[in-house]
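Heads up, the next two complexes both have subunit A, just with different partners, subunit B and then subunit C.
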Partner chain A sequence: MSLLEAPETLKITCSTTHLADRLAIASRATSTRASIQVASGIRISAPDAEGPVELAATDLELSLRVPLDAEVEEPGSVVLPARVVHDIVRQLRTDRVTITSTSGDGRAKITSGSGEYGVHTHPVEDFPRLPEIDAERTFELDRQVFGGTVDRVIRAASKDESRPVLTGVLVHLEPGRLTMAATDSYRMAVRETALADVVPEPVEAIVPARALAELGRLLGSSSGTLAVCVDRNMIAFGVDGVWLTARRIEGQFPNFRSLRPAAFEHEVRLPRAELLDVVKRVGIFARNNAPLRLSFAPGELTVSASTPDVGDAQETIPASFGGDPFSIGFNADFFRDGLDVTEGDDTTVQMINPIRPAVLGGSDDGFWYLIMPIRLS
Partner chain B sequence: MPRIVAHLDLDAFFAAAEVIDQPRLAGLPLIVGGSPDGRGVVATASYQARAFGVRSAMSSAEARRRCPTAVFVRPDHARYLRHSRAVWALVDLRVPLVEQVGIDEGYLDLSSLVTTAREADAFLVGLQAEIRSVTGFDASFGCGTAKVVAKVASDFRKPCGVTVIPAGSEAAFLASLPLRTLPGIGPKADARLREAGLATVGDLAVLADHRLARLLPGVVGLELRERACGRDPRPVQRAGLASSISVEETFEHDVAEPDVLRAIALRLSDDVAVRLDRAARGAQTVVVKLRYPDFSIATRSQTAKAPFRGPDEIARLALIALVRALRDRPAPVRLLGVGVAKLVHSEQLRLFE
Partner chain C sequence: MRVLVARCEIGYSGRLETRLAPGDRVILFKDDGSVCVHALKGAKPINYMPGPTVVEEDGELIRVRRPASGESLTVLVEQVHADTRFALTDGAELERAGREKEIQALLAEAMHVIEPGLRLLERERPTDVGPVDLFCRDAAGLVTLVEVKRVRAVAAAVEQVIRYREQVERDPSLRPVRAIVAAPDFAPQARVLAEARNVECIAFDPAVLRGEVEPALRLF
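Right, the complex of A and B next:
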């Protein structure tokens, strides 16, 4: 019997903290947009008395399937309103919690200790069909390498929904190598790294950055291996039995290699931690689109910023700069992100002129962070 | 020493840009504009299409009737702006003082480069060839001692013309031209002057004070008569630090069709984008201004979340504002203006558009 055909009655009992923990994970794929009401729900499926219990949620872009350790007294399935159920379960102070629903009355009951909480449910038949994971097409990847690469590039992805391609991260898997790239058109982060895992066939997919951010959370809270399954329309990641599925973004990702300038006028090595601190302090004064100004002079770099009606700041640090003095402006957040994600004690800043892209790099040769300046007036 | 001013006008600019990007279109009657099946409007026609009587702002359907073999291309303003930048970057290298007034036209102050009409002619012929070989675009130039003379002269021989009016012969050059060729003479002024029996720019140049005061009262009339004589004190000005930038157009006939107004708004948006670009500024608000036949004025503004600069964003916001204005008062329009306000000094550059 498939999960979708499970009867609508259900009674399960499990650990309260375990349920709260699992609901917290599944809730990440729920949507509160009114147009798709069932997307604000979490489906609990217990197909049979012995079998596994699963929480599932989807906002149609992202879906999560989360296994739940529970005793099944009555097999069935129900779609609960995620928000209210999650809110109540994490407030419970008793050890065990029971969820019961009866076919057809549109209600479910959560009981714990002397408490009884009734909630309206969503129709199970309205719950979207979730993509199947094809075990044959599933392979494992080094979680450190994959997760570490996501962390380095994801901040450069766009949050502007009007250009869907840029809200994704380009993930390119090929024999021996993993490449990821993300850009919001103002900056771009690229990392190419060696991969020991065997990939059945090369994959080039634009994966929603949101999905990779969720994957980062999953990896952060578990130590299991990372399983990946790719098909034409979707990509799925499995960690400790939790499956995160994302719709692949269609379209042409910018040709990131061609955007990197071939030659630079200036190359300056700067102490990364010290510069990061300076940028964090001075950046407070670069608000409302005001630039962070980097002024290079022989032997030193002055970082300054000024926002009308807020104030101004400047700090000077020694720098291995020997050319004619010049100034270049950057968005403070973008520049700080770049320093954050480069590795090593020193950051190399390569520049052409104040209106051409600059590149930040560190000890990792396979990583580069391209950033466009703010034109200074 | 008299100033020497040139006016540069790129020939059939949008159409030429399309031919550069798609060489297979070369030599064809090409129309850049809206679809002839819908209610689109011609933005630019190649000279091959103009030979069939196709003109800017004509409905695309009418254009296809006149020229059934025409190839229609939808305009891509961001791409045209990139082409335009290449041309003006080259001009900036050769001429120290440049005032770009549109995506495809601008004034060049040659006073520091040449001293005689002959030198000006040689310089402009050289610049024309260089623009052609570096960017692929054809340009027409007019040159004289004042902006008005240069502007009229650039239109005198098109395409690929270079017309230099020597100092002292400005009035003679302008005298025989129809009134409407003089910048600043709109449809109303033209009609009024014609009714009074004037036909040429020369007729206006010698118009007596009392008749001028009756026909074109106030400063406007005096200024137009000066221009008719080839005198124009406006200097060539580099993009300044204005707090807003706007362009507007007064129509020959009142325009009621929303599609035509949209097409004009798109063209004006391009010109605003060019000026904003040259001022190295971004903006946060687009303002659309409409004047109705009763001289009442309506403005609608549209503000974006982040500063912008490109023609597409300006056009997008301008169309939203235009639709709102027309919804609030659906009536024929005498004048349409597009402008940007809330200019910001610094602008975040992009890796790609």
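Right, the complex of A and C next:
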């Protein structure tokens, strides 16, 4: 039996641009690991002719469920290879596209205008089971407060998977307050924010930073409310009907409050934008673990860096420093990140000595960025 | 040692037949009979022959034969730029830093780098499938096997420690057994396999271990 003669088990038709947009979102959760082939696919489900159509993808740690506005001619399910299908659909120049899958032969057909594209599918029964969203445990949060807090701390999360706890962001929700903290053991970003939303019960979860980065993208391209559902093993976020679920990271997050020094020897207020520009320029010369050197002298700060075989640079800006000359080194990227996520015209740099942690702060009292120095030779 | 810098054409006959068209080359005739031909680019010799060899010169023609293998190198010299013989002495041997045994010994002296509370019981503990680098007990008293790699660990290192664990677990009195791979870095496949097979990956900085650099300052 040919593809065209086989009984159809799913047939949907929708707007081409809408499908391309939805595939772009869902495909971000697909797996690139060759060992789990079905997880490199996107499942399209149309349970009945009247019901909603859903795209779903997962890499077993993160999943995305994306609603699709489509006309259902034949209900059913199919798992399509995400990359190929997305590549095809975004190249289509016609308004409407039809996806048809046939039972048993492991193929699906994408039809648009005069074009017909046949693709091999993955078995629907092999597609991983996705976490269920418990409507009774779902509550809403201010999207701007939540997204803004994520933006301030997420860069400090570790990318080193040897310590899984540090690849996540600690999210603590309690009545009236949202706290997030992230650290890679060299720096830590913490933000505590007032929360007007009603939180049914206090929640503390370590959420993979990657999931929060994906949530940031969803929030950036939508205007709907943010729904949150926290389960024992997973956390889910809903934005405009799209549900992102992530496995909670198990383990003990460092006690971030105890890491912030109680007192400092030096506190210097600096113009944030000017310092950030200087750090961006001079930091180009702080490569291969070379430190960005901050040398404080009465009334001024000299930022310098030197990397063998690259070159050296220094710039001086006015600073409210009045003590004995003092130098401290930082990882240029980490220091720049700290300045980037600090708010206000001025940044306050609090320091103890060249080997104790320093704190960057701004106009937002609820935010602090702890950064460990690099030893200067 | 003879250093001949010359424009020459070279033919090789042995495991295969090669011909190198005329060009400027540096040819080293070493005291042990080995001969290396270096072109103007590249770190490796473009032709070489291990000693002992027999070198015969007939005007512009130099023939190098290796009796042990029947190979031969024929150099047709067009122009000599320099031809110098040196009486040289060199009794030193290459010292290699960072060999696996050295790293293993350093880790044995600094078990806290792998895990606080880890106690070393035996180095190179023999099993039927090979020696366990570091045979230890952790702070909770569990037998812990550590496979040490001096460079990036690949999946084979994880498989190696899994084999050791299977062997050690044959003794019921030692179960359960933890398995660790300690290496400066890990290939992604090694991490995936380790996670799937309950093997821990511990990264260390060899330079810090050797005391060459101070460890990076950390918050915790």
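One rule holds for everything that comes next: the second predicted complex is superposed on the first by the 369 of 377 C-alpha atoms of A that agree within 3 Å, B and C clash if a C-alpha of one lies under 4 Å from a C-alpha of the other, contacts with A are read in each partner's own complex, and residues count from 1 in each chain.
We adopt the following convention: a residue touches a chain if its C-beta (ideal position, glycine included) is under 8 Å from a C-beta of that chain, and two chains touch if they have at least 3 such contacts.
Everything quoted here is computed from the prediction, not taken from an experiment.
**Q** Could you tell me whether subunit B and subunit C fit or clash when both sit on subunit A in the superposition?
**A** clash
**Q** So, does A:S114 touch the first partner subunit B, the second partner subunit C, both, or neither?
**A** After superposition on chain A, A:S114 lies in contact with neither partner.
**Q** Counting only touches as set out at the top, which of subunit B and subunit C does A:E161 meet: first, second, both, neither?
**A** After superposition on chain A, A:E161 lies in contact with subunit C alone.
**Q** Contact-wise, after the overlay, does A:M188 reach subunit B, subunit C, both or neither (first, second, both, neither)?
**A** Both subunit B and subunit C are touched by A:M188.
**Q** Determine, under the contact definition given at the top, whether A:I355 touches first (subunit B), second (subunit C), both, or neither.
**A** A:I355: touches subunit B and subunit C.
**Q** Look at A:P291 in the shared chain and tell me whether it touches subunit B only, subunit C only, both, or neither; answer first, second, both or neither.
**A** first
**Q** If we overlay the two complexes on their shared chain A, which of subunit B and subunit C does A:L376 touch? Say first, second, both or neither.
**A** first
**Q** Check the residue A:S223 against both partner chains and state whether it touches subunit B (first), subunit C (second), both, or neither.
**A** In the superposition, A:S223 touches no partner, neither subunit B nor subunit C.
**Q** Using the superposition described at the top, list the residues of subunit A that contact subunit B and also contact subunit C.
**A** Subunit A residues touching both partners: 183, 185-188, 254, 259, 355, 357, 370, 372-375.
**Q** Which residues of subunit B touch subunit A once you look at their complex with the stated criterion?
**A** Interface residues on the subunit B side: 280-281, 306-307, 344-353.
**Q** With touch defined as at the start, can you tell me which subunit C residues reach subunit A in the complex?
**A** Subunit C reaches subunit A through residues 186, 191-192, 201-203, 214, 216-220.
**Q** Quick one: which bits of subunit A touch subunit B in the complex? Just the residue numbers, please.
**A** 183, 185-188, 254, 259, 289-291, 329, 331, 355, 357, 370, 372-377
**Q** Which bits of subunit A are touching subunit C when the two form their complex?
**A** Subunit A residues touching subunit C: 33, 35, 160-162, 183, 185-188, 254, 259, 355, 357, 370, 372-375.
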